[in-house]
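Order as written gives the chain letters A, B and C; numbering starts at 1 within each chain.
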Amino acid sequence: MSSSTGSSSKGFTGPVVIGLEIHVQLDTKTKLFCGCTTKGKEPNTATCPTCLGHPGSKPVLNAKALEFAAMLALALNCTINKDMRFSRKTYFYPDMGKNYQITQYESPLGENGVLELDDRTSVRIKRVHVEEDPAALVRPTEASANYVMVDYNRSGIPLVEIVTEPDMTGAEQAREFIKKLIHVLKYLKVFDENEGIIKADANVSIKETGYTRVEIKNITGAKEIERALVYEIGRQHDAHKRKETIVQETRGWDADVGVTREQRRKETEDDYGHITDPDLPGICFSDERLEELAAQVPELGQQKQQRFVKEYGIDPVDAATMAKEQELGDLFERVAQSVDPILAARWLRRELRRVLTASGKKVADVEETHVLELLQLLEKKTITDRIGQRLIERLVQEGISPAKVVKDEGLAQVTDEAAVRDVVKKIIEANPDVVKQVKAGEEKAFNFLIGQAMRQLKGRAPPALINKTLKEALEVR
Amino acid sequence: MSVTNSVGDYVAQVRKGGVDILEDCRHALESARRINTRHHFLNTIADERFIAEARSVSDAAKKGRTGRLAGVALSVKDCLCVKDVETTAGSAILRGYHPLFDATAVERAVKEGAMVIGKTAQDEFGFGGFSVNVGKGFERPTNPIDASRSCGGSSGGAAGLTRAATFPHLAIAESTGGSIVCPAAFCGVVGICPTYGRVSRYGLIDYANSLDKIGTMATTVQDAALLLEVISGHDKNDSTSSPRTMEPLDAAASIEGLRVGIIKEAFGQGVDAAVAHAVKEGASQLEASGATLTNVSLPNVAKYGVACYYIIAMCEASTNLAKYCGMRYGAHGALGPQFNDYFSQVRTQHFGDEAKRRLMLGTFARMAGWREAYYVRALKVRAALIEEYQRAFKNVDVLLSPTMPMVAPTFDEIAKLSPLQNYMADILTVGPNLAGLPHASVPVGNVKNLPVGLQLIANHFDEKTLIRAAGGLQ
Amino acid sequence: MTVDEALIDAVAANARITLTEKERIKFLQDFKDILDAFSTIADAPAAENPAIHPEPVRDVVRQDTPTPCLSQDDALRNTQHKKGGYFKGPKVAR
């Protein structure tokens, strides 16, 4: 049933349409509705009557989880719902503590946002909401086992769910979206990249089928999401080429084999029968509270880059790198108060960063006052760039104070023309054959003399001055 | 009335010294066992815990430390968690469930020296007004005055034991649609149901979370009020628990100038004439003591209260009951079937008929396609009905009506009722329960030796006025 | 809205209840009577906003501070279906 209708009725035009529903575990100390630790190790050692769904237990909302989710929603440019509620989504599964999940149906935390990607395309965010994680199912080792094993350490961990509009046009863009989202999550410090889990459900459709939607459920990890999308798009294209029918269905991602599989169709599709959870309060975000939260959302990379360029007039490439790397960007902003920003940006982004990477160190390992000293010396032209490069290495590796070293080791720039003329004169006298070649027009010979002079001057004279002096000396001769 | 001394008097004696608490408790236990053989008010008698608690209360008393409930036997409706004591909410599906914690209300009472004697019988999960819908394999409680009759429900066992106990005793009970005042009326005792949120629901096995309220029963208003004072108050473990402190309750306070609103619709056809008469006499008694009576009309509560209540209650209940599936606690099945089959097997086998009926009605009323017309609509109607009460309270301090349209029916009469007729019997109590208003039932005479209850309803958080008014009837 | 056997079956399945034939017939009649009576709600006065609670409950939260958890034994105490520290539950694959 490859349909030729459909595309106009759904409003899609591109070859591939992808929408994502992403679940992210929030990095709080305790669970969403009880005070159990989120870091339980041995099975069923981080539980209590609430996350075990014991009759008589009651949920109490974790303020931190709410705050983290609200910051994320703001960072995704969502409108925050001023009267936020929780709801019960009732369905039966062995990983459920109560056979209903506390989530947000009618009044989610945030709606109608957008995330701009690095390539300037954007993906609209339909909604952002908070819900609890179910328990972890473990399959027993015996293949013939007629039961599953359940660990409730995971039951109740706070999740934030991000639902996009079907705006993504391919696996690459989806990958960029996830990358950007993770960047935001890390920036906000609401997600532990090492321990926290990201899962996604994806809706994938292609033009050839009239955008018949296939849902792929439960893909774990950013890398797998891209893999699954690439596979599924390929599968749909292949099936279409073979004139097979693509049906609207739900498939599962098998990460081991690398394929999506038809999921056994349920006998009855559960009607979740949403009700507002009467055990929990409504949450009202006042304007003041929203302002407080917005202030806590550190500026996101792209906006920061634009601001760097606008405010400091620096090179966009330098700006981009420093916006992405928070510590570097912060350092830049501090030193840019005292030295020329363009110079600072160039030296931090190109030189400091290079040396840090090479020596395996971080911005935090470097003494900020030393960096400032170096930049000031450069700005005042007290030292040459060459000396600057040597000093920055020693600054990182040995922690030297550039100002002190310049003083002690006499590395100050030689600007005294007489001194330079003196050295040049000696070089000329010592290399008569080379001089002849220079006069004959050989550039290589000239550069040789420059090199000699620079060595003699130990890099303390600006190359331009050496160049000029040598030229003058040769003409005089 | 069987108990000559009030509980308050007994505690005063304990505090003075010279009461052998342990001995009294042994007698109480014997008494309770005897009574239970006849009437089955208790699903579980917690002998070990009772005697152990009696010992510690006794030791503390000897050292001069006595709480406000020192030496009092406390029965707890079976839907409240009592640590290490089988807690079933009257359902076979929770057989074997031994909670790991005490409900907050129980904890607070025990802290003041009360001792848990047992778990009282009830309709399964609170689903009923006659305590006949007991779970599979459970025995129903019988009326202490006439064993062929119902105790009322769903806190039937609590009311029956309160009436029949020959030892100092207080009952913690629970109401969702009238389950405290109804059995109190049928058994001729005092039942107080406070404002929603007044007593923490932590440890209460849910029927309907926006309607469930824990309350008290005793033979006098002051005794019931005493227990209510002890168990009330904010609890951080219950998000719906009110932060408001309750004013001290004084059943002896003067009712001079108390404005009483007689609910017109509560005395029409459908209410037994003799019951109406006894309640009107009670109203006159209040008037004679200085209260003023006016007529109040609550037409929407009368017309739509039952439907509104049941839709909300069943929707919430159907989600609360989803957790009972043979995992983690309670009745189990043999593992082997695929999960949906396993769950269905356990639930089908262990839920009673009324539980199944409400489960299904509640599931239906929130399904896509019907949700707007039933569930969402009922919540909006609820708001309108609360407004109707608020308008009435502009002119009166308390509202007055019979608690139930009849005296305690026989089990044979009940068996003839359709489910809908069962629901309609709640017509006088659903209103205050839906609105979360504090209400009480006080005995006001008999009809052919069967007790009649008079219901008083006060405004939100005005238990003080409620108790004052109720005290005026004693 | 048709209250028929198909509806009863759908609802029972959703609620994970298996009905006997007798029960199916009985519940169908009960449903009809009760829903008929309850549908008066359509005529009732209704406020604009639903009353989730009798009085609004707002903004109740707790701090992100860990509280003691149950021991593994206590967590598993109320069930017989357990093994090696895990709960056992019914299988998910056919």
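Here, a residue touches a chain if its C-beta (ideal position, glycine included) is under 8 Å from a C-beta of that chain, and two chains touch if they have at least 3 such contacts.
Quick caveat, the model's predicted, so the values are computed rather than measured.
Counting C-beta pairs in contact across B-C and across A-C gives the higher total for B-C.
Among the chains, the centre nearest to the mean of all shown protein C-alpha atoms is found for C. With centres set at the average Cα position, the gap from chain A to chain B is 57 Å.
Our note on geometry: chain B versus chain C, Cα centroid distance of 22 Å, whole angstroms. Centroids built from CA atoms put chain C at 41 Å from chain A.
Looking at chain B, one finds that residues 97, 100, 210, 236, 239-240, 318, 325, 327-330, 335-336, 339-340, 343, 363, 367, 379 touch two or more other chains. Annotation for chain A: residues 49, 52, 54, 60-61, 92-94, 146-147, 150, 267, 271, 273, 276, 278, 280-281 touch two or more other chains. For chain C, the set of residues that touch two or more other chains comprises 14, 16, 50, 52-53, 57, 60, 62, 70, 78, 81, 87-92, 94.
Interface residues of chain A, counted against chain C in their complex, comprise 28-30, 34-37, 40, 42-49, 52, 54, 60-66, 85, 92-95, 137-138, 145-152, 264, 267-268, 270-271, 273, 276, 278, 280-284.
Across the complex, chain C meets chain A through its residues 10, 13-14, 16, 50, 52-53, 56-67, 69-72, 75-76, 78, 81, 83-92, 94. Of all the residues in chain A, the ones that touch chain B in their complex are 49, 52-61, 88, 90, 92-94, 97-100, 146-147, 150, 267, 271, 273-281. Across the complex, chain C is touched by residues 96-98, 100, 195-197, 210, 236, 239-240, 300, 303-304, 306-308, 310-311, 318, 325-330, 332, 335-345, 347-348, 351, 356-357, 359-361, 363-364, 367, 370, 373-374, 376-384, 386-387, 418-420, 423, 434-437, 460 of chain B. Of all residues in chain B, those touching chain A in their complex are 80-81, 87, 89, 94, 97, 99-101, 103, 201-206, 208-210, 236-240, 315-316, 318-319, 322-325, 327-330, 335-336, 339-340, 343, 363, 366-368, 371, 375, 379.
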